[in-house]
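Structures for review follow.
Next, two complexes with subunit A in common: one pairs it with subunit B, the other with subunit C.
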Partner chain A sequence: MKKLLSMALALVLAVGCLTACGGGSGDKGGSSDTFRIGGIGPATGAAAIYGNAVKYGTQIAVDEINEAGGLNGYQIEYDFQDDVHDAEKSVNAYNTLKDWGMDMLVGTVTTAPCLAVADKTVQDNMFTITPSASSPDVLMGDNVFQVCFTDPNQGSKSAEYISENKLATKVGIIYDSSDVYSDGIRAKFVETAKSLNLEVVSEAAFTADSKTDFQTQLKQAQDAGADLVFLPIYYTEASIILKQANDMGYAPKFFGVDGMDGILTVENFDTSLAEGVMLLTPFAADSEDEAVKSFVTKYQEAYKEIPNQFAADAYDAVYAIKAAAEKAEITPEMTYSEISDAMKAAMVEINIKGLTGGDEGLKWEATGEVNKQPKAVIIQGGKYVSME
Partner chain B sequence: MSFLSYLINGLSLGSVYAIIALGYTMVYGIAKMLNFAHGDVIMIGCYVVFTLMSQYGVHPGISILAAILICTCLGVVIEKIAYKPLRGANSLAVLITAIGVSYFLQNLALLIFGADTKSFTSVVNMPPLHLAGGKLTISAVTIVTVLSCIVIMIALMLFIRKTRAGQAMLAVSEDRDAAQLMGVNVNGTISLTFAIGSGLAAIAGILLCSAYPTLSPYTGAMPGIKAFTAAVFGGIGSIPGAFVGGLVLGIIEILGRAYISSQLSDAIVFAVLILVLLIKPTGLLGKPIQEKV
Partner chain C sequence: MKTGIKNMKKEVRGQLITYGLVIGVFIIVQVMLSLGMISNLMQGLLVPLCTYSIVAVALNLCVGYLGELSLGHAGFMCVGAFSSAFFTKCTMTTGLNENVRFFLALLVGTLTAALFGYLIGIPVLRLRGDYLAIVTLAFGEIIKNVINVLYIGRDSAGFHFGMKDETSLGLGEDGEVLVNGAKGIMRTPHQSTFTIGVILLLISLFVCFQLVNSRSGRAIMAIRDNRIAAESVGIPITKYKLLAFTISAAIAGIGGVLYAHNLSTLTAQPANFGYNMSIMILVFVVLGGMGSFRGSVIAAVLLTMLPEILRGLADYRMLIYAIVLIAMMLFNWSPKLIEFRKKFIADVFKKKEKEAA
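Our next item is the complex of A and B:
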């Protein structure tokens, strides 16, 4: 009798499990009168500065849209999960959000976790838009879109900018050969520079194990007669390069990419050394643009700091969702897979102004890659100032 | 002219390696152990100077003295707590303990000062020297580093040759048991060795961070390993050996980076080390080891 009972119990459990699994795919776990947008990124740990910027930027956009009547008339609920810049935790966070009933994902923030999560979202057909994971590899399915530039794109845009504005004739490069981000930008920069007749006179590498002394690399650039040094690297190393160049009495123009964003916040760094440094970034917080001004004010009021480009990219991601959602006329009753199908058709047709779009705005390719104009900023008086 | 400039950079880097290597080699020569926490004592010294100078505006000279004092005490405390109880244990146990202390110091710095990199203000505030019509620039930090290295080496050699404490060190390094029988205070001598080595680590750290102005909890790790290599290169246990080893290593690294490949400079350094050890297994100036029967 006891045996029979336990068999029956086991059977009930097994059937229960099957129905649960079966019901999971495409069914809505959440309510049908709100849209649920999930976010994933590092809110703690070494990359927290990026994750929090995205979290706050998204929040501001979501609040604005809700105040103005919501997405196609429905309110948005937003939940951000911490992944500590760890791929495994990121996938767990994704599963948590799916259980919550997520309709669309704004994330993830950093590249390595994004690769793991995008793999899942492609399988599930969950609409995904990452504000800041910049490797072209994250665009592994037609449901994944990017708001930031891809790494190679930054390289070609930098070369075009330097050439168009005649900033230099001879360019030296110092890059980190042990980092895919840095090496990816360098390779594309060199390729583009060649086609633009911009002469690259020296390419000096360093690696993760020897990134404190750049005198040799600077000397090579100086001897080669470079009047501009391109730095596709992060701001920590760039701060040393600026110091050592100053000690050597070598004063070329310095040109960086988005990794340079943050150099003014290095503790105890003498910001006068960064005077005149140019960098290509999609967002300048001092812009006279009304939308940017309003965003910066709201951000400062709520979070007591000046937003960086990650916050702006996240803000644009939410507005891209809004534009595409209106075009696709999606409703919360649809399953996330139906939403994704409708959204990816609409994404390639929209053109939003955005904070990071410049005059021509943001447009998307079917591959998920963004089309937008970079802004060049120059550091003057310890602040980023637009170069136009 | 570029060659000269690279050579000077190499000398500057080599001098820092040499000062760190002196600490390694002294401790090895006398206590017969590899103190892998040495690199992290350097980092602590830098944080002391950084905190005093940049956050409290203390005079650089006083900050340096404070750093030397704190590192000296730290060295003695580490020796008393972590290494002394293991004096009779096998060398592997001591080695693992040293690595443990190294991680402890790194994580302590992470807890107190945080993970973000800080920009170190140079303690040497003099204008650089311009030679040959401005073609050759030698920074003041470089001159100070090379001079300090030479002064420290000579002072150490005199200390060991001329003073009783120095003679005691020599005796302990030759034969610890015999020295004890002759009335030498072995524990005191080993403590003194750690004190001097750690004080030197503070100086090396300050010079390192002045030349390459960045500070994080991992600042000491890589220079520590390079300096250990330098000590082995010159013959571990030998003070002139550490000096020569450090300089040669620094020069090879910079010239390799300049003329062969900036990505392979570390590989070149270690390739040369292997070559030297193949030809002369005890290092450049090391004494041949005689197995006692």
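Our next item is the complex of A and C:
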């Protein structure tokens, strides 16, 4: 009898749980007088800096648009869900946002979770614009758009830049083989380098589990006689590499990609070590551009940090939505699928200035890939200076 | 009926209650699904809930009945997931019936996981002490890192393997990369459904119950309780240990297959197949009670759902999650609280009986 009772109680509990979260589900949730924009990314865990940057960057853009009268006259609501950089959790976050009544998605921040979520958004036909998931594989449907460069694009552009400007003849690479982003750039870099007669003398990998000591990798590059070390990695690891190279007395040129942006803000990092480091980035926080200045000031006031390119890409993503929404004349009464159909037609026609677009601005292909010019900057006197 | 249940052997009754619980929840969920009462979040969670329940059952067999600590069940899940997804990718173009293909993928995943479990067990289960925990811990990490540098492609000439990068595979024009290092396996079809998940969970439970209530199961428990005594009555220790551990690994492989066919992308990250996941599964087992398969299932369901339900608390959710976890552990296992609970239930029953009288 007791057993039966406990079983019945357990059942009631389980059902209670299900219905509790079942409340509020509808075919098209959401109110009809606001647009609901969702965001997904890691707000906790090791990749949290990227997720938070996107969250804050989006928030600033949303606030600005709301202040200026909203999107097509409607206010925007914004909700950001944590996915801890895990594909399964990311899909959960996406479903949560759908329950909330999301109209459009700005996400997912990191690549691997984005692949899983993009697969769902393609099925649902939910308009998706990812600020920073840079693998070309995420563009699996015509409703998915990217604000950042794709990884292969960064790899080939870096190789071309190094070769054109004759920065080096022998290149060493240190990369994270367990990271899709890093490995993607490296693969394309090597391929392009081969066709440009740029000699890649060493390729040394590390993984997410062993990213605190890089002396072996540096030694390998040094022994191979590399006069330039290409670092397609994020800035936290790059800062350690710069420090250890200095300790070893090895002073090649260092060349990074957009993940290197932010290296000057690493805590307890002697920024003089980063002198002369070159990187290819669409965004420099100390640019003289009016829009960038205003964004950086607002960001610093609100979050006490200097924004990196993730935040800038997120900001541009929201403005791309704004431009396309105005062109497509969407209203919140439409279902997300109708919005998506209207938006994907409008996306290829817009051209926004943006923070990361440089002089030519941002334009999109029908595939979802962005068209923008990378800028090469060099760190001089603790600042990013454009290289010409 | 009631007397029928009472007269049954205790183990049989326990088994029936567990099956009934799973089937009951399944029916309720199906009804609610057809009425559209379940949120998107819960719909998305149904398959992961089955996955983690299955793996928790698998680990419980190893920890609760065999008495050996395994810290690498996420590794067996990983092996099952990748081998089955690889099989599915290879046979996707052959025009094989989808359901047959999934069934074969399930076999491949399960057998591969079992094979790895067996190979690890051969040397390690001969030893006494905590060696299994150490070796499985290492296995989980090794398998994750190996998969991250593994490249497999296929073209008209056959399969190409590599440990460096995609270009070094030297694929022909018609080649496609099947396993792409850190990117893992992409675009696997979604074939895991809640129904399949529940069926697999029931099969796993059935296998485990049958095993522990059989002659072999009694031998396994005898080894757990007193190795020397078991040895002295002539039980071949290594054989039974290997048997239980291999089955445990195979069932974890089933969980992996379910996982791999639920998401369109399969990568071996620390978050999904790493050390933390192994510990998480161990937490399900400990919270649910070692040796109680039903407890493992309930704990796995509750603990997988909890962080998602707490999403409303935003940044504080992991903090609350930890507190709830501690509270649940105390509630379930603190002797004082168990006493209190028993008294409480007894009081409630007395009252009812009085009212009835």
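Please note the rule applied: the second predicted complex is superposed on the first by the 270 of 388 C-alpha atoms of A that agree within 3 Å, B and C clash if a C-alpha of one lies under 4 Å from a C-alpha of the other, contacts with A are read in each partner's own complex, and residues count from 1 in each chain.
Here is the rule we use: a contact is a pair of C-beta atoms (placed from the backbone, for glycine too) under 8 Å apart; a residue touches a chain by one contact, two chains touch by 3 or more.
What you are looking at is a predicted structure, and each value in this text was computed from that prediction instead of being measured.
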Check: Given the touch rule stated above, what does A:S32 touch, subunit B (first), subunit C (second), both, or neither?
Finding: neither
Checklist line | In the superposition, subunit B vs subunit C on subunit A residues touched | finding: C
Next item on the list: Go through the superposed model and pick first if A:V84 touches only subunit B, second if only subunit C, both, or neither.
Entry: second
Margin query: Going by the contact rule set out at the top, does A:A187 touch subunit B (first), subunit C (second), both, or neither?
Written below: second
Notebook entry, point to check: Thinking of the overlay built on chain A, is A:S294 touched by subunit B (first), by subunit C (second), by both, or by neither?
Noted result: neither
Next item on the list: Tell me which partner A:N92 touches in the superposition: subunit B (first), subunit C (second), both or neither.
Entry: second
Notebook entry, point to check: Looking at the overlay, what does A:Q215 touch: subunit B (first), subunit C (second), both, or neither?
Noted result: first
Checklist line | Which of subunit B and subunit C A:E267 touches, first, second, both or neither | finding: first
Note to self: For A:S195 in the superposed arrangement: first (subunit B), second (subunit C), both or neither?
What the structure shows: neither
Next item on the list: Determine, under the contact definition given at the top, whether A:N165 touches first (subunit B), second (subunit C), both, or neither.
Entry: neither
Check: Touching subunit B and also subunit C: which subunit A residues?
Finding: 177, 205, 207, 209
Notebook entry, point to check: Quick one: in the complex, what on subunit B touches subunit A?
Noted result: 2, 5-6, 9, 13, 50, 54, 115-121, 128, 130, 134, 137, 139, 141, 211-214, 219, 222, 254, 257-258, 261-263, 265-266
Checklist line | subunit C contact footprint on subunit A (complex, rising order) | finding: 1-3, 5, 7, 10-11, 14-15, 17-25, 43-45, 81-82, 84-89, 91-96, 98-99, 112, 115-116, 119, 135, 137, 140, 177-180, 183-184, 186-187, 190-191, 205, 207-209
Checklist line | Sites on subunit C touched by subunit A in the complex | finding: 13, 17, 20-21, 24-25, 28-29, 32, 36-45, 48, 141, 145, 148-149, 165-167, 181-184, 186-187, 259, 262-265, 267, 269-272, 298, 301, 305, 308-309, 311, 314-315, 317-318, 345, 349
Next item on the list: Please name which positions on subunit A make contact with subunit B in the complex.
Entry: 46, 177, 204-207, 209-210, 212-213, 215-217, 219-220, 223, 236, 239-240, 243-244, 247-249, 266-270
